[in-house]
Amino acid sequence: RRCGFPEVIYAEGKTVEAVQAIVARLLEQGERVLATRVSAEQAAELVPMFPQAQYNQLGRTLRVDPEGTSQAAIGHVAVITAGTSDRPVSEEVRETLGWMGVQVTMIYDVGVAGPHRLPSRLAEFESADVVVVAAGMEGALPSVVGGYVGCPVIAVPTSVGYGASLGGIAALLSMLNSCAANVTVVNIDAGFKAGYLAGLIVNKIHAK
Amino acid sequence: RRCGFPEVIYAEGKTVEAVQAIVARLLEQGERVLATRVSAEQAAELVPMFPQAQYNQLGRTLRVDPEGTSQAAIGHVAVITAGTSDRPVSEEVRETLGWMGVQVTMIYDVGVAGPHRLPSRLAEFESADVVVVAAGMEGALPSVVGGYVGCPVIAVPTSVGYGASLGGIAALLSMLNSCAANVTVVNIDAGFKAGYLAGLIVNKIHAK
Amino acid sequence: RRCGFPEVIYAEGKTVEAVQAIVARLLEQGERVLATRVSAEQAAELVPMFPQAQYNQLGRTLRVDPEGTSQAAIGHVAVITAGTSDRPVSEEVRETLGWMGVQVTMIYDVGVAGPHRLPSRLAEFESADVVVVAAGMEGALPSVVGGYVGCPVIAVPTSVGYGASLGGIAALLSMLNSCAANVTVVNIDAGFKAGYLAGLIVNKIHAK
Amino acid sequence: RRCGFPEVIYAEGKTVEAVQAIVARLLEQGERVLATRVSAEQAAELVPMFPQAQYNQLGRTLRVDPEGTSQAAIGHVAVITAGTSDRPVSEEVRETLGWMGVQVTMIYDVGVAGPHRLPSRLAEFESADVVVVAAGMEGALPSVVGGYVGCPVIAVPTSVGYGASLGGIAALLSMLNSCAANVTVVNIDAGFKAGYLAGLIVNKIHAK
Amino acid sequence: RRCGFPEVIYAEGKTVEAVQAIVARLLEQGERVLATRVSAEQAAELVPMFPQAQYNQLGRTLRVDPEGTSQAAIGHVAVITAGTSDRPVSEEVRETLGWMGVQVTMIYDVGVAGPHRLPSRLAEFESADVVVVAAGMEGALPSVVGGYVGCPVIAVPTSVGYGASLGGIAALLSMLNSCAANVTVVNIDAGFKAGYLAGLIVNKIHAK
Amino acid sequence: RRCGFPEVIYAEGKTVEAVQAIVARLLEQGERVLATRVSAEQAAELVPMFPQAQYNQLGRTLRVDPEGTSQAAIGHVAVITAGTSDRPVSEEVRETLGWMGVQVTMIYDVGVAGPHRLPSRLAEFESADVVVVAAGMEGALPSVVGGYVGCPVIAVPTSVGYGASLGGIAALLSMLNSCAANVTVVNIDAGFKAGYLAGLIVNKIHAK
Amino acid sequence: RRCGFPEVIYAEGKTVEAVQAIVARLLEQGERVLATRVSAEQAAELVPMFPQAQYNQLGRTLRVDPEGTSQAAIGHVAVITAGTSDRPVSEEVRETLGWMGVQVTMIYDVGVAGPHRLPSRLAEFESADVVVVAAGMEGALPSVVGGYVGCPVIAVPTSVGYGASLGGIAALLSMLNSCAANVTVVNIDAGFKAGYLAGLIVNKIHAK
Amino acid sequence: RRCGFPEVIYAEGKTVEAVQAIVARLLEQGERVLATRVSAEQAAELVPMFPQAQYNQLGRTLRVDPEGTSQAAIGHVAVITAGTSDRPVSEEVRETLGWMGVQVTMIYDVGVAGPHRLPSRLAEFESADVVVVAAGMEGALPSVVGGYVGCPVIAVPTSVGYGASLGGIAALLSMLNSCAANVTVVNIDAGFKAGYLAGLIVNKIHAK
């Protein structure tokens, strides 16, 4: 239970049996289970094995809570995405935060090229504890969001784009060079990491 | 007189004598002269040679108009910069447009991390024929500007930044991937090219 | 209707239902519809849904005009390609300009290694308002075209090539470094962006 | 006062007069002043101008508090460095946190190649609110630290190294790929950003 | 028999007939045979051809010993892996060392983010002649191992990871920049090379 | 005398004494001497030592023929440059060919953006045995030249340019991707290599 | 008939009908036909259409000579390959030279790691007019060959390798930096270009 | 005394006082001292402080043995360099091995482009325990050496070269892709690392 949370299963490249075994062990220990990068094929076999299992197809996450668990969600994280294609990443963020017991507001389709869209939604994210922003292509959204809020902004570059987007490298470089001082960055498509960090910060704030 | 404009002198690596000779020849032909990338050392020798010479130290440009020339400026280009360090590039844009007889509005210090600054200046650039945006670091400003205007936006990445800005490559990639459809890009620090293209478009519009 | 044109649908990664819904909404608003990056599979389902639909297989674009629309085309854009393999990109340019109501001349197969081919066609493009050039491999064509015309040249690097072409990066770098001052650049394979910018400039010129 | 803190001066490339003017204005507004990337030459002129000025030569920061200011420091951030050469960056972190009124513990010379050094100092950082780790060369230290603590770890790659360190790119990539889920990353040598983010999180936690 | 060992077959891209012929020739010469990068399809045909054949599916190696061979294994190499996904590479290391007659200890799942795991296994590798470490993502493990042992450490970056791992480049750069002086590096996923070098060193030591 | 020519001295990083010694030894053997990358400082000391020495300041070459040598030049190589800044490289080509006893035609300032300049000089290079083209920035000239001639074209990318020229990498990639089949490439700024290869081919042709 | 040779068909991405049409036209003009990058699928349809057609499966080339043509081959090119996997490229070289009427000696499997293999074959290539060397991985072979011969060496990097071979970039860079002065380079996997250049040089030599 | 050897001082960026203090402490402990990357300026101050100090100007190393120390050198490492410019790196290798008490044979100027030079010296290195090869530019020498010997070959890429050598990256990639199975690689210009690893292996062999 490093950081106060149980182990998270990275399902990519693992057999269904391997994943099943870890899920079963964690449930026995009374833990709430999160597996990421679970393919539709893996999920088709795993979901029937656990009555409580919830598969998020877009975010490729599998969650299984021990029976009878219920948790009052705390804090507030806003998850903002520039375009539709960034949604798989933001769903991974959302599920990670749900598993950590954190309240989430999802704000979609507020890319920088429609500059009136983001401020019109300001009320929904300006009081968040942390904001997570997922954006591909030029990756400009975190800088703009960083200008509207006083809290930490966790930027997730996505691999969305073509040509000179170089599989997310353009967005990654852009975010690292953000002129907003409150922006920090995780790996390309690393929705889990962004969510986990946001959840840790929320827990630090609300555990006080 | 390709494109209807005389030759422009690229002074980098040329001797003072070489530049002087081209300036003199162009003046004799009755042309207005523009030299770019003129160092302070070159200028110190060149300026006294031509009574009409105007040296822009920040933009490193030298202009020499034939005596008695005067030209009514046409059109309207807005030149927008994100931060103070991008000014050498925007001065090169301004001088190039001045030489082409185009009216220019300079808008400084409206970086994306202060998101209220740009819209507060909208009146100054929304009716421009073309907007030029110079930005370094994450290079996000052209995308945001592109969302506010309906005209072509010419983005100039600058080499301003450190670390992962990679001498302007981060800003260049960001601009090429702009999700605003009206953004086109020139080389890093290529203020001359951005100005020249903007000037050509203005001439096409107002020559009609 | 940013820039005076309705929204364009980027179909890549969208479901047929999602695309259909946006097409229907735009038609209801009386708009002429353009969708780009539409796969043959998406088109096979979408075309029968809209009697006016026109699918360009090479350019992967879908256009649907409201019934009874007809528009006199204005201006003149020349679209020049170096080789046969660059045609998917130039078709995307052509359809974008058609949708914007701009007249287009297509000039094929005038790569720089056959240096007599381009000047023999000069009459067809020297009076254009804007020239778009799509080229892969070494991406040298825009520089040469830029030397023949006085108007803006929009260069589109294509991902055509192998080995050190690096998926279009070689052509992109080449175009950014063009020694012709009237060349500006968009993303690799970004036929839509090149067409859109050319269309905006034409509209600026002929709207006067 | 974005994020509840006044503007920070980025002195690189600014004239002494420009920096002096901003410092004076901020002091007049009763703000505590921080300037970063202040060269020894700039400092030699600025320090005598303001009696309260404190210049950190290693970290290249200048701080000026309004007379009579005193602030009880809150929270706890541990700043860990791998080697001696990373100290300029960690000093920038320390000064930024000092300016934000946050308590700091500095832990030096605990590089991963001496694996007993870090755990022997665990008592000093395991209860920190946030840990900042600055490391160059292979940039492995944040991953190891991330394994010892349950709080957010902010990793700053430094440009320390030679050959394949590529000016900090090797450390940057390493940190982005950290297998520790609680590690997030800022730009190469961006001590200010790391400190600012750590300070924001501390303020969120202790402002509750 | 360069280096005292027979030729090793690199099966990638070879036909089954080609591989079969080399195996047969080597067996006739009384040599112990190792083929690497043997696909499951190739193996399905090759294994029935040679009664002694042993196929390692994970490591994609095929070994065939001449009948009646038996060899007392010498020396001691520890093969350490950070995560489950690095196992194909470590299996290639193991098989190469087995073929060279070297004793191997496999140590799994001791990634740096669980910093207590590696020292708890120290007894198993501290007296090894050589340690091979296979790690993907940030590639930090060899540096940490290098701090615990006094023998040469051969680091194999693996292509495990996503986004900024760049197919193993991040791990490769990290390992080349290791601050542990006893770490040397081979190509990405080059389990064969790491094993071969380790085997050569063991032979040098124990042949004395 | 590999390739029928004596050793060439690469003076970069050698002491004056070291270069002097090799020159003296070669002269004693009756060889004609060529040294490349000779700095002005090295030349200032070396030239007085050898009465026959000829230093080319632009090309940074030093030639010393044994007394009484005279050689009828054979063959014909055209050396074409795009811009003034590429002349240091073309001078190195010229000197190398002179040393090899090959006739050279220099053709300057025929960059692709002035497309009428190159064909107007066709008579001077169309019958050459080999053409060498030195070009920086976008490096497009070799492709165009390759279209005009039927002989081998040796392309030398130069480090001339700024921003995305990446110190000659843009020109290098462009040339490697040339769509003219008769273009081959040497290293950036490698005037010596281009000249040497051209000289070898001429010798093969005229030695027959 | 640029360079004295008819057009060569680049079949990649062309329809069978398109290729067939060009082949038929060239045959009618009495030309010998070469098509490169012809897939097995394209060949299966094209070969039955032309009785004289010869398809080289490894080299992916199709040759069709007009009936009754016969040509005495001239000159001598040696084509040297490091490993078995480089053969597709060397077959493309061989077919190109055959089509140009040049005699070819193929020398296989003389990689630098078996340093006795190359000199043992010296008699076969030391008197060649030109040597072509195809090598992947570290691309060291052209430098070594360049040391044995006095003629031009055309190096073709191949995309053979894994990990840090970066799809042929490692071999390409290696060859560009060859310390042998008689080595020149073409694009990765560009067997056609290497053969064409070698053929042009042979024709220059033997046409005298 | 990790690995059985005392700490080595990396002098780059340290003050003379800092280096002096560590040297003095190590001498007091009776250790033999090695400092690397010691500039001529640092050495000018340090050498007079320690009567036993030996400064190697080319290799930039400083060694200080406690009075009365003498050590019989063991084993045999051959250090091979391709060209004169690689000598600073090979001197760092030599000094490191001298400090470790290992016998060294230096073999200079046996670059691959003179292929008879290396085999003519075979007697001097074929029985070595380990061979270290330092080479810049194309970095081909380790592969060739690897083919002549049966022992481990440690390759050190050097930053010698220009243009596409990319400061040693070309040589580094080449060496990582060596087709000789007994070649392993360290960082660019990392003479110390190569020497240290060679010394460790020798100690393992001869300590038995």
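Chains: A, B, C, D, E, F, G and H, in written order; residue numbering restarts at 1 for each.
Everything that follows uses one rule, which is that a contact is a pair of C-beta atoms (placed from the backbone, for glycine too) under 8 Å apart; a residue touches a chain by one contact, two chains touch by 3 or more.
Being a predicted model, the structure only gives us computed values, none of them experimental.
Q: Where the contacts of chain A and chain B overlap, which chains show up?
A: Intersection of chain A and chain B contact lists gives C, D.
Q: Looking only at C-beta pairs that count as contacts, which pair of chains has more of them, C-F or F-H?
A: C-F
Q: In terms of contact pairs by residue number, which of B-D, C-F or E-G shares over half with A-B?
A: Answer for A-B: the repeating interface is C-F.
Q: By mean C-alpha position, what chain is farthest away from chain F?
A: A
Q: Determine the centre-to-centre distance between chain E and chain H, using the mean Cα coordinates as centres, and give it in whole Å.
A: 27
Q: Give, as an integer number of Å, the spacing between the C-alpha centres of chain H and chain D.
A: The mean C-alpha positions of chain D and chain H differ by 36 Å.
Q: Measure off the straight-line distance from the CA centroid of chain A to the CA centroid of chain F, and report it in whole Å.
A: Between these chains, centre-to-centre, one finds 58 Å.
Q: Averaged over CA atoms, how far is the centre of chain B from the centre of chain H? Could you give it in whole Å?
A: Result: the chain centres lie 52 Å from each other.
Q: Find every residue in chain A that makes contact with two or more other chains and list them.
A: If we look for residues of chain A contacting two or more partner chains, we find 2, 114, 147, 163-165, 169, 172, 176-177, 181, 187.
Q: If we use the touch criterion from the header, which chain pairs count as touching?
A: Those chain pairs satisfying the definition are A-B, A-C, A-D, A-E, B-C, B-D, B-F, C-F, C-G, D-E, D-H, E-G, E-H, F-G, F-H, G-H.
Q: Name, in rising order, each residue of chain C that touches chain G in their complex.
A: 84-85, 114, 162-165
Q: Within the complex, which stretch of chain G touches chain H?
A: Residue list for chain G touching chain H: 82-83, 111-115, 118-119, 137-140, 143-144, 146-148, 161, 163-166, 169-171, 173-181.
Q: In their complex, what parts of chain E are in touch with chain G?
A: For chain E paired with chain G, touching residues are 2, 12-14, 18, 157, 159, 167-169, 172, 187-190.
Q: Which residues of chain E touch chain H once you look at their complex with the stated criterion?
A: 2-4, 8, 129, 147, 149-152, 154, 172, 176-177, 181-187, 192-193, 196-197, 200-201, 204-206, 208
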